[in-house]
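So that we are looking at the same thing, I have put the structure below in C-alpha cells.
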Amino acid sequence: MMKDISEDIAWAKINKDVLKSLENPRKLYWVILFIAIAMVGVAVGCEVYQYNIGMGVANMDNPHMWGLYIATFIFWIGMSHSGTLLSAILHLMHADWRKPIYRFAEAMTTFSLMTAGLFVAVHLGRVWQIYYAIPYPNGRMVWPNFQSPLLWDAMAIFTYLSSSILFLYVGMIPDLAIVRDNMHSGWRKKLYSALALGWEGTDRQWRNFRVTYLTIACFLIPLAVSVHSIVASDFAMSQQPGWHITSFPPYFVAGALYSGCAAIITLFIILRYVFKFEEYMTLSILKKIVRLTFAIAMVWTYLNLIEYASVWYGHDQASKDVLIQKATGPYAPFWWMMNFCGSIVPLLMFFKRFQTNIPVMFAVSLLLNLGMWLERWMIVAPTFSHGYYPWTWDHDQWPSLIQWGIVFGSFGWFTLLFMVFCKVFPSVSMYEVKEMVYHRKQATKKLATAGKGAH
Amino acid sequence: MSVSNLLENWSEFRHLHPVDDVPHDPYKWAMSIDLDACSGCNACSVACYAENNLPVVGKEKYAHGQAMHWMRIERYWDEDGREFPDQGAQFLPMMCQQCEAAPCETVCPVGATNHTPDGINSQIYNRCIGSRYCSANCPFKVRYFNWYDYPTTDNVWPAEMNQQLNPDVTVRGKGVMEKCTFCIQRVTVAKNNAKNEGRIVHDGDVQTACQQACPTSAISFGNLVDKESKVYKQWKAQQVELDKDAQAKDKNEEGRSELRGYRIFEELRPYPSVMYLERVRESAV
Amino acid sequence: MMNSGFDRRDFLKVLGWGGAAVALSGCGNGSVEDGKETVVSYVETNDYMIPSISVYFNSTCAQCDAGCSITGRLREGRVLKLEGNPDSTINRGKTCGLGQAGVQHHYNPDRVREPLLRTGSSGEAITWEKAYALIAEKTKGVSGEEIAFLSGGVSGHLKVLLGNYLDSFGCKNHFAYEAIAPAVLRAANKKSYGVEMPRFNIGKAKVVLSFGADFLGSWVSPVHFSQQYAQFRKGVDGQRGVLIQVESKMTLTGANADRWLVVRPGTEGILALGLINALGAHGVALSGDVAAAVKGYDKARVSKDTGVSAEQIDKIVALLKARTPSLVLAGSAAEGYAHGSQNAAAINLLNQVLGNVGKTVEVAEVVPFPQMAPTTGNTAALRKLNDGLAAGKYKVLFSYAANPVFTAPGAMKFKDNMAKAGFKVVFAHYLDETALQADLVLPLDSALEDWNTQVPEYLATCAQINIQQPLMEKLHANTRGMGDILLALLKQRRAEEYKGFEDYYAYLRGAMLKNKAALGGGKLDDDTFWNETLSKGIVKLEGRVGGLSGRASAAGLTLPAPAAVDAQYPLQLIPSVNASLRDGRHTNQPWLQESPDPLTTIVWDSWVEIHPRKAAELGIVEGDIVEVSGKNGSIKAQAYLFPGIHPDAVSIPLGRGHEAMGRYAKGYGVNPFQILDPVFDKETGELALHETRVKISKAGSRVIVVKDEGVVGGMQMGKKIAVRVSSDKVKLSEEV
C-alpha cells in the first residue's frame, strides 16, 4: 500500500520545503502569473466597455435576460465548496490525508467566492447601485425585498465569504508564526509578525486554537450547504419551466462539491509541480481525492438523472419542452457534452491505473470542470430561449465576445489571486503535515511493536 | 433600527395576492381586450411609443431582440396544416398583464417592482439595480430592459425630436427595467382631478394611450371595483373573476361555453388584470 | 378630461395661440391681438401656458388624406401627442399609427430648414426674398403652357389659391398625383353609382365581400372604416357581420376576415361575375343585360380561372342570399390591372345585383363649395406630366407634396425627364429624391405649424370642412406654410387683388368669415364664429345630397381570360401597401420604421413575400436574399415565407428603399416602384400596379430577418394564448 506521506521527513525539512515555496518557485509559476494577469486585463477591458455602453454589448436581449455571467457565477460559487469539504468536513471526520492539501483548497474557496461575487456586479445593469441589495440602515426605511432569493443569495455569499476568510486565516496562524520566525527582516517579516498575532506555540494557545478552529469548521459546513441551496433557489423558487424543480438544492450542492473536487485535482497537480511539493502532495493522496471525486460524480449523475426523470414524468409540459429543447435544440451539443463530461468522463477515475496517472487525471479534472461549467450554462440559457411564451422564444441568441471575455478573464482573476496567495502564504499546512508525519511515525512504530509482539 | 423594526416594516408588504389580500378600494385598474374587434393595426403600439417616451432602438438592436415596445402585437396563424390561412390570422396585443400575484414582484431583490393599492404592478426606475430577475420570472416576457443608454444614443432622440418627450413620464437611462404602466401618469391625473372634486374617478375619465388610439375600440380600461365601469360589466358578463385560477368558462365541458373571456396562463396563477375576449370566426363559411 | 368639450377659456387659448403662431409664421412679428412682440417666456408666459398643465388644440391630421380630426396635447408650448378629436364623424376620437407619428413629422431632425438654391451639384442657403425674386424672374414671360404644377391631392383654400396662381398664367397644367390612390375605382364608381366616392356603410352590412379593399389598413379612410368594422362585428340585431376577403396577397383586412379567399392575380372580376351567375342560378332575378354579361361565367369555369372552389362559391352565394344587406367592395388589388376598370365594374355590378345600392352603398353628402372640393390625385396625371416633361414642354416645374422620382416606375424615367424642365421648384419637407433634383427647394412648415382648410374625399356621415391650425410655434424660423408661399407668389401676379391679406391666416380668416352664414355661423359675430371654428377644428355643414344614379348597363362588360403564364417571368409582383408607410412619404418617421408590419412583423427593411410551397420549389428559405427581376429592372431583398399569398405571386411592400430623405429612411430596404412595368388601365390610363411580371432567384447570401415574431413564427405551440371560437358558440348580443 502506498503511503500518504513518508514517515521519515524531518520537521525542519518540512519547514524548509514549504518556506521555499515562498521564495523560488519554478519558472512556470511566473508564466502562469503573467498569463493570468493578461486574462484579467481582457476582462477589465470588456467590463469597462460594458459599463460605459450598457449591458446590450453583452448581446443579451428579451428573453435572454441572463447569460454567461449568471452561469459562471454559479460555477464559481460551486467551486468554493470543495475547500469546505476538505478542510471542515474531513477535519471533523479525522481524515488525515487532507492535511497537506486543505490549505490551498481553503484558499480556493475564498478566491472562487471572490470571483463569483464579481459576477454579481458584472451582471447588474446598474452596478453602481449594488448596495441597494444590502439591508443597510437608512433613514427612509427602504428595505431590500426579503422575499427575493437573490437577496438571500447576497447575504449567504457575504456570510460564506467572511467565514471562509476567517477559517483560512485562523488555520494558518501557527504556520504564519513559523514563517515569521524564518523570515529575514523586511516588509514580509512585518506582515507575518502582524498576522501571526503573537503566536508562541504555548499550550494554552494551542488549546484555544483547536477549539476555535473546530468551532468555525462546524459553523462552516451548514453554511456551505445553505449557500448553494440558496443559489439553487434563485432558480427553483422562480416559476420558469426548467427551473422550478424541487430537487435543485441538493443537485446544486452535489454539483458544487463535484466541480470543487475536480478543481482540487487540477490545482493539486499544478502546485505539486510548480512548488516542488512532490513529497507532501503524494500520489497516494491524489488517489484518495480522485476516489472521493468519483463518488461525488456518481451522486451528481444520480441527481441529474432524477432531475430529468422528474421533469419527464411530471405533468408540466412546458418544463418537458425545455428538456427536449436542451437535448435537440441549438444547445444540444453543449448539453450532451455536459452529460458526457459530467457522467462518462469520471468513469475513468474508477480504474486504478488512471487514479495516479497525473497527465490523465489532469485532463480528466479539466474536462469535469468544463462539464460542470456547461451544466450551469445549460441550466440558465435554455429556459430563457424556450420559456412559457412562444412568441418570445429565441433560439439564436449567442453571447457576445464581451461576455466570453469576462468569463475568460475570471479564470485569470482566480488564478492570479491563487498564485499570489501561494507565493505569499504557505500553501501547505506545515504544522498539520508535521502532525501527520508524527502520527505516521507512531503508527509505524506501533505496527513494528505489534509485529514484534506477534513473534 | 432594530430587528423587530425591520420585521414590522417588512410585514406590511407581505400579502397573499390576491386571495387573502385587502380588497382594492376604491380602485382596481383592469383591462379587457376584444380580439374579435382588434384588427392588429399597430395604432396602440405607436400611441404607446408617443405617450411613454419609448426609444426607437433601430434596426441593429431590434435584430438583437432589444426592442422596447411595451405593447407588441402578436400575429398567430392557425396550426391546422392548411396551405392557405383561409381563416385569416389571429392578432393579440400583449403588454404587461398587471398580475395581481405578479411573479416579477416577489423576486426583485430591491423591491423595485411593487403592487400599488390600485392593483397596478409598478416599476420604480430609481430603485432598480438591473438584476433582470423580474423579467426572468415573467411568463409573458413583457418586461423590457434598457440595454443601452437611449437618451444619449445617436438618433434615438436627436435635437427637436426630444421636444416630443412627455414630461409626465420619466426618460429611462441605461440599466433599468421598464414595462407597460397602464399609463399611470394619466391615471394619476384623473385620480387627482377626482379627488379635488371629492369623488372617485368615473368610467371614461381616464383612457390609456392604446385605448384612446384603438380605431376599433377593442381595448377597454377602467376600475374593476366600480360597478358602473365597462370593464367591470365585461368581466362580470364573461364571469371572469380576478382571484380565480379557473373560470366558469373553463369548468364547462369542452366547447360548450358561450363565454369568450379568458386570461392567458391563468393556470400559472399570476391572476392577470387583463381579460381577453376570444376572436370569433364565422361558422357559416 | 380629454373628451370634455372646450369651454370659453379654451376659446381664448386658441385665439391667443393663433395669434402667436400667426405672428411667427407670417411676415411681421406682431400679434394680432395687441401688436406686441410675442416671446415665449416662463416668467411672463402667455395665459394658456401654465407650466405642467396640458392644453389641447384641435386640428386636422395631414399624414394621409382621410381627414381625421386630431387634438394635440401641448405642454410648455410643445406639442407632445396627437389624439383623435371625438367630434369628428370621420374618426370619432380615434387615430391610426400613422396619425400618431404626425409629431415625428413635425419634430423630424431631417427637415429642410432654409430655402436652398442649386449651385452646381450642391445647394446654397438663400433668403426667402431671393427665392421669391427668383421665381418671379423665372416665370416672367413664360406662358401658361410652359408651367407645370405637380401636387398631391389638394382641397380647401389651398386649392383655391393654387388654382388662382396657375390661373394668373393661364396655366391649366395642374397635375394632382397620388402614387397609390383608388383612381380606377373612382371612375368605375362614377359609372356604376354616379358618384366617385359613395358612402360604404360597413357598419350596416351583415356580410362584407371585399375584393382586395384593405379598409382596415390603408384604403380610403381606414380609421373610419375600422370603427365601422367594430360595429359590423358586434352585429346588426345581434348577428355578427361576416367578412369575406378575396385577394391574391393577404392584407391586414384579409387577416381579419372570416374567410380569406386566395384568387389567381387579376381574376377578381371573373369571380364577381361568377358569383352573379351563381346568384342567378339560385333564384336571384337578373336583368337581361346582366344575365347576358355573366352567361359564360359558370361555376366550373370561374373555379378553374380563379382557383376558388365550386363549394366555396356555393357557400358564399348562400350566405349572400341569406344575410342582407351585404356590401361588396372593390379595392386596390382588384383595380391594379390593365383590366382594372372592368374588374371594378364587375364587382360594383355584384353590389347592384345584391340590392345593396341605396342600403349599404349610399350617397355621400357634398361640401357646398365646389371650389374647395378635393382634387384627388391619380397616376394618370403623372403619366401626362411625364410625357410633357419628356417632350421638353415645361420651362418651370413646381412640385408639392409628391415625390415622383421615388414613386414613379423606373421605366418612366421621370428623373431624366424632370431634368428637361427649365427651372424646378420643389416645396419640400425633407430633401427627398425629388427635392434633390430641384433647382430651388423651398422648406415647408409642418402640418402642426401651418394653417389650412381641408375637405376630405370620403365624408362619413355629414359634410365637413376640417381646420388645420398651428399647434405650436414654428420650430425653424425659415420654413413657410404652403398657403403663405402661394399667397406671396400670387402677390407677384395679382398684387392688387391680394394686398389686403397680410398672410395666409388673414386670407383664411377672411374667406371663412365671408361665408359665415353658409358655414353655419350666421347668428354669431365674427370673432365668436372664428374662435368657435378654431376651437372645434371642424365645420360641419348641411351638405348637398345628390342621388345615386341608376346602374350602368352591364352590356359590354367583358373580362379578359386569366393571362397565360409567361415562361420567362412566371410570377406576378404585388407591391403591397403597408398601412404606416404607404407610398414612402413618411418613412423617415422612426416610430413607423420600428412599428412591425402587422402580417410579417418585419421592421426597418423590405422583404419579398413568397408562398412556402413556391419557396420550397425554388429552394428558398427565410432570410435568403433573392433577386426579383422583371423587364424593367431588378431588386434584391430578403425572402419571407408567407402563407397568405398566391403561389404564383410575390409581394414586396412599398414605401422603403429611399436613397435620400433622412437618417431613418435612407438605405433601409428596396423600392419596388423602380421595377414596375409601365402597364396602364385601359379605360382610365391609371398605372396598373399589379401588372408587373417577375422571376425570382437566390442571390446567394442569407440574413436573419429582423422581425418581432420569434423562432416558431406564428405558432402558439399548444398554449392558450390567442384563442378563437366559432360564431355559433357565442351570443354576442348578450355581451357588454
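Going in written order, the chains are labelled A, B and C, and every chain counts its residues from 1.
Here is the rule we go by: a contact is a pair of C-beta atoms (placed from the backbone, for glycine too) under 8 Å apart; a residue touches a chain by one contact, two chains touch by 3 or more.
All of these numbers come straight from a predicted model, not from anything done at the bench.
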| item | value |
| --- | --- |
| Selected pair, greater C-beta contact count between A-B and B-C | B-C |
| Chain at the geometric heart of the assembly (C-alpha centres) | B |
| Distance from the mean Cα position of subunit C to that of subunit A, given in whole angstrom | 67 |
| Centroid distance [mean C-alpha coordinates] between subunit C and subunit B, Å | 32 |
| Gap in Å, rounded to a whole number, between the CA centres of subunit B and subunit A | 43 |
| Junction residues of subunit C - those touching two or more other chains | 704, 709, 715-716, 719, 721 |
| Subunit A: positions in contact with at least two other chains | 388-389, 391-392, 394 |
| Residues of subunit B whose C-beta touches two or more other chains | 67, 72, 74, 265 |
| Complex interface listing, subunit A residues touching subunit C | 317, 321, 388-396 |
| Complex interface listing, subunit A residues touching subunit B | 53-56, 59-66, 123-127, 129-130, 132-133, 135, 137, 141-151, 153-154, 234, 237-240, 384, 387-389, 391-392, 394, 397 |
| Subunit C residues touching subunit B - in the complex, by the definition given at the top | 1-3, 52, 75-76, 78-84, 91, 93-101, 103-104, 107-109, 111, 216-217, 222-223, 226-227, 229-230, 233-234, 240, 242, 244-245, 250, 252-262, 315-316, 318-319, 475, 579-580, 590-596, 598-599, 601, 603-605, 613, 643-644, 663-664, 668, 704, 706, 708-709, 713-716, 719-732, 734-736 |
| Residue numbers on subunit B that touch subunit C, as the complex places them | 35-37, 39-43, 45-47, 49-51, 56-59, 62-63, 67, 69, 72-77, 79, 83-92, 155, 158-161, 163-167, 189-190, 193, 204-207, 209, 212-218, 230, 233-234, 236-238, 255, 257-260, 262, 264-265, 276-285 |
| Interface residues, subunit B side, partner subunit A - complex | 1, 6, 9-10, 14, 61, 64-67, 72, 74, 94, 103, 106-111, 127-133, 135-137, 139-141, 143-149, 174-177, 265, 268 |
